[in-house]
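Both of the next two complexes hold subunit A, though its partner changes from subunit B to subunit C.
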Partner chain A sequence: MSTLTTQQPLIDRLKDFVQHTASGPQEHQRLEALAQFEALGLPHPDLEDWKYTNFKGLKALDPSNPLPILDESTIDISKYRIAGLDAIELVFVNGRFAGSLSRPFESDQLYVSTLAKARNLRHHLLETHLGKYAQQATEGLTALNLAMASDGFVIHLTKNEVCDRPVVIYQLSTGTHDRGWNNQRNLIVAEAGSRLVVIEKYISQSPVFDNIVTEIVVGSNANVEHYKLQTRYGDAWQVGTTRVEQDRDSRYYNATISWSGQMIRNNLQARHAGQNCETHFFGLYLLDHDNLIDNHTLMDHAMPNCYSHELYKGIVGPEGKAVFNGKVLVRPDAQKTNAYQSNANILLADTGTVNAKPELEIFADDVKCSHGATVGQLDLNELFYLKSRGIGEEKARTILLTAFAGEVVEAVRIEALRDDLMAQLMEELQRMQISFE
Partner chain B sequence: MSTSEQDILEQITGDDYKYGFVSNIEQDIIPKGLTEDTVRFISAKKNEPHWLLDWRLKAYKHWLGMTPPDWQNVKFPPIDYQDISYYASPKEGSKLNSLDELDPEIKATYDKLGIPLEEQLILAGVAVDAVLDSVSVITTFKEKLAEKGVIFCSISEAVQEHPELIKKYLGSVVPYTDNYFAALNSAVFSDGSFVYIPKGVRCPMELSTYFRINAKGTGQFERTLLIAEDASYVSYLEGCTAPKRDENQLHAAVVELVAMESAEIKYSTVQNWYPGDKDGKGGIYNFVTKRGVCMGNGSKISWTQVETGSAITWKYPSVVLKGDNSIGEFYSVAVTNNLQQADTGTKMIHIGKNTKSRIVSKGISAGKSQNSYRGLVKVRKSAANARNYSQCDSLLMGDKCGAHTFPYFEINNNGATVEHEATTSKIGEDIMFYCNQRGISQEDAVALIVNGYAKEVLDKLPMEFAVEAKKLLAISLEGSVG
Partner chain C sequence: MLNINNLKASIDDKQILKGINLEVKPGEVHAIMGPNGSGKSTLSSVIAGREGYEVSGEVLFNGKDLLELAPEVRAWEGIFLAFQYPVEIPGVSNTNFMRTCINEQRKYRGLPDMDASTFLKTMREKAELVELDPNLMKRSVNQGFSGGEKKRNEIFQLAMLDPKLAILDETDSGLDIDALRIVSNGVNKLRNKDNAFVVITHYQRLLDYIIPDFVHVLMNGQIVKSGTKELAYELEEKGYDWIKAELKEAAL
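Moving on to the complex of A and B:
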């Protein structure tokens, strides 16, 4: 990469940073990851994977410069809490664990705490899993994350353990007007036969750049439900990579819902390491006014007899730019694969852009794979029907858009969260309507 | 796969390529290699005007600064462009007026291919601009076409006789800066076809060119230019077979179509070049740039292709929908077997208002082949009410092959409606069972099912081609039962 020379001093700074903060067996892993980043560099639009998404300002940011440390007592998280949800909670403020705001849980069977703590207490777990699934060899930011991240959340369920309360992770950035870089590394290990619900909620009052990598291991016959919410995300940027590894007979269920944030890139990748796995991806993105939301999903069918289902929907207002790239990969011998993918977009204004690329890469013959993608607008007949019944234009549009987007929100299985999202969705659509006028 | 199916598969794939023969015609071949002098030589040989030589040289210089593309989903060893001979023509003789004067060797070649150049030709009503290697040998039906004012000749002839048209349109759709192979073609193109349909004329017959790569070690760089003036109509057919070779041969053609107001161009291709043997040895590299512009309002360009040959096929016939209410269509059947690789699809660029496009792509992969669909639908801000429908189906036969779909959508207008569907599957066991049960053999059943699967595309071909295409499908696939 041509920028390598200008990056040289930065690399040296990062090396110093890693050598100062890491110790023990992890230091080696982190330096190795840094070397990988050095080779890969930051993403740029010449790469096929970043063709439509240009994080231009990224070069100017220093990944080793921490966000400000704030007094936890001055922070009010309550207004962001999901109402009526009894949950285990972890709160991170500017990338740091806020103990006094959190309700962690630690027992022999269930561990919900931080990476920093796990580095001392659960290093066998980290040694087995951390950095073993995410693609740091090919993704520069993932490599950088592994090298730099000082904290994150770790959830570990032992065999046959059922976590009956959902785990909610609040990520809040606040207290600065400068765009700061936050590297965070998360790990979820749900061992055989366990059951877990995780909600990640991103909240931003400062223009942060979150470089998040989450590795999720779903053991045999385990069940993980995972929600990622970027609904109160202000002007933040994020490259969020979630890499899921599923053992035989496991189920993974994901819904990613984004309607704020200035530039978001979500990488969601699941791989089947055993037979009879089931995977569900749901996604919703609403955007306008120079926002960019990019969802890249990869469904890697590496084993036979697995099932995957994917539904992503988007509403794009004026000046919004939505990117969807969904790839279904069926590896040789992954026979009897059943994969379905669907992407639907509504463009509200001709200043909006949708770039969609649904891909199928298939190397096995006895499979059933299909995908569909659409870009369109509201149906004038439907609009007329509502208007002829005395419903105003704006309201009618909101009803139709709610019905369109609601399909994804309905996929949320936790009632309290679903109701909360539905109420916010109506508000958000109304806001988009007004801005559209 | 059962043993009997395996037997059939081996028997079929073990068959020699039916059209693999070499006819011994004396040829002028210049030494291998590409330099500025090569370009000058070709231009001089064809007695070209200065502006065309300048254009070729500009293209050559541009090409020198380019690197071969590497994004396509095919694998092949790097091509040594200095190891190719860039010009070969049958020994010059005087121009021919009738078929009788034709070199009997050439005539025999055509007969072996079953080209209806004699009575069949008249019966079929097909005018053939037969291109043997690089120089058009004979053009028939010229007079009948001339009556209507239709120009149908080789491009080198057109350079001499209609320089103003060539100067105006050559490179207007595919500029030499477009891509690596278009630049190479622009520098060294040897010959090709030129078609001009005047205002309001409906071309009275299907125009057809049979390309045939003949001389050993010669790349073929065809250039086709087709212009349809206001309210005209033309249907153009292109088909090819090639003799058997051990080394890979490069074919980098460029096809440019221009449709003016309310004009319609229908361009059909049946491609059956030598795909290499079952170990992947030999075979043609088919790297083609095909593009049409719907320049005028209400114009229409339709591409239909049946791709069964070539070791590597790499082409994306595209339509730029510039005029309002214009229509672009792309119908494709791509079959790959053994170690063949195909990365093909289309681009539909919507610029004008109320433009429509339709894409139907049927991929069939068997053996150890890789078959990719890659398409782009782009709706510009100006293209209000644009409409696109794409359908890409893949059929897999055997567990060693691959089928891939890479559709791109870049939508910038909220009035646009874009739909895309893709499916991948194999021939269902229940369907095979149904056929077997009624006494239809494994092999016949596959031919039946595949022809049914591809029917939507085959139906778009002109009659003469549809027959050939159906035969090709059967030859390429029988026995590859999955």
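Moving on to the complex of A and C:
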């Protein structure tokens, strides 16, 4: 890396970087991805998918520029741990695996480790799955991620195995005031009949740009529960793309909860590759003060007899900007699809913005699909009802907002995590209320 | 207890109350009757402090100027409004809601939070008073409640908060006879020499169960006639037209 010079054009430097860090079939895949990135470029607002979300500063960043390497012993992860949760844990600091802070797990049935390690030891798994689902042919940052990512997490659960403990991934960025670019590539493979819970927790003390791509394979009749938390994310930026491939009779359950970070784009895409799949997406976003949170979902109903359910809720304070774009695609073969989508927003101030865009594309004729999007203020009738019973304005507002947002937190099925989030939610709403006055 | 003097209220430049005068003393029950659109619900909203009205005149409650106080302070001072259309609050359980209401009131009165066992015991007692299924307490406020359950929940809240002055805004509308009996029984058990009720209704039937000391007729934003409970029977029998005729005659 030290041989790179800033005089070279970016793409040549990235090519050098890949050639320096990869070899064999991986090098081929990564160079190919780099070529795809070269053709696609960075996202810009002229693209329909990026109309409302402009990562203006990206161009100035070097995608190969590594974040500082820190002494693991100086890092305290304990205050970010979820109380009362016995978990398998992987900790990444500035994109690098922090072994001494982690509690990994490796057995014949369950592999919880890193991409760097898996590249040496799990060739077959990576060759079968890595880069096979995420859309590097159409998404520039996804292509760039495949080319550049040197690490990430890999979870592999074999057939009919039940993983009792949740796997928690802590992504911490710290130690610099410069905006550094972190590419991270993750893979989750839950084979037929297995059961897995994964929690991704993003923590930032530095203004990182995280370009994260996670591919998730849910085997037939397998069950994956997945939580993505951006609750202590400081001034970070993220484009996080999660691509889920579901085999027949499988269930995938996701909750994405975001109330910090300066600019976040979450892409969550599920495709049903077999019949009788069930997919749940829950999302909650709270933001103000020039922050932007954009949730782009794609529910790709490619096969018949599948069920999907989406509930996204947001509270937007002064100068906050929220985007929800929910696409439900029902392909011609996907008869008897049952798809439901709902997006509800509360605007606390007239300087907040919400762009809500449900997109239903239905090519099958025997389906049940519904969607609803609302943007409104706190219900004045509800507020008066509370006040008339002796609850003051500020408390009444906090109660109603907590109840509104709480519906999503309640969807979290891990009790310790749910309690932790509920407590934080109330603090966060109080903070928003106070800053609002 | 309550003194209303020349109370006027308008909304969006439309005058609804045109000079109301009313005095309510402790221990009394006043019924206010009147045709649709006469201003009955506006009167209750203005007393409880709903925003959006242009208000003038005077509403004194135990000597304090109510119109100066925020709705929650009015509640702490002892005003309670049973809503005509109780509001559903998804995500807030009845139990937590009541606990918050009671403790906010106690804070205002300089008392510590009610301890958990007293609170639960009180909840049970008061729910029994209006024959409310205890399982409803765990559910979100009014969400998925039947019409009758919502109205009974209003009287349950009334019982919990033990106000000095309770205003029942068409609590009987839409209730079948059994629910009406339950609600009325609840109210009658809560009556005492220190509190007062203002019962707003469309139908004389309620007044068979909650027997008023006074009946007032509200028409076109004014109290045009006051009397005893016999007046309610007369209204039930003859409607409101005879009062209009009487008023016209008086005006001539």
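General observations
Basically, the second predicted complex is superposed on the first by the 429 of 437 C-alpha atoms of A that agree within 3 Å, B and C clash if a C-alpha of one lies under 4 Å from a C-alpha of the other, contacts with A are read in each partner's own complex, and residues count from 1 in each chain.
Basically, contacts are C-beta pairs under 8 Å (C-beta built on N, C-alpha and C of every residue); 3 or more make two chains touch, one makes a residue touch a chain.
Treat the numbers as computed from the prediction; the structure is a model and nothing was measured.
In this superposed model built on subunit A, subunit B and subunit C occupy separate space and fit side by side. In the superposition on chain A, A:Ala403 contacts subunit C only, with no contact to subunit B. Once chain A of one complex is fitted onto chain A of the other, the partner contacts of A:Lys357 are limited to subunit B, with no touch recorded for subunit C. The partner that reaches more residues of subunit A, of the two candidates subunit B and subunit C, is B. In the superposition on chain A, A:Asp366 contacts subunit B only, with no contact to subunit C. In the superposition on chain A, A:Gly392 contacts subunit C only, with no contact to subunit B.
The superposed model places subunit B and subunit C at 70 degrees from each other around the C-alpha centre of subunit A, with the value given to the nearest 10.
Judged by the touch definition given at the top, the superposed model places A:Leu121 against neither subunit B nor subunit C.
Once the two complexes are overlaid on the shared chain, A:Ala349 sits against subunit B while remaining clear of subunit C. In the superposition on chain A, A:Phe384 contacts subunit C only, with no contact to subunit B.
Superposition on chain A places subunit B within reach of subunit C only down to 13 Å, the least C-alpha distance between them. Common to the subunit B-facing and subunit C-facing surfaces of subunit A is no residue whatsoever. Interface residues of subunit C facing subunit A in the complex, by the touch rule stated above, are 48-51, 70-72, 74-76, 80-81, 83, 86-87, 89-92, 97, 100-101, 104-105, 108, 140, 157, 161.
Residues of subunit A touching subunit C in their complex: 379-382, 384-393, 395-396, 399-400, 402-404, 406-407.
Residues 48, 52, 332-333, 335, 345, 347-377 of subunit A touch subunit B in their complex.
On the side of subunit B, the complex with subunit A involves touching residues 71, 379, 381, 384, 394, 396-426, 482.
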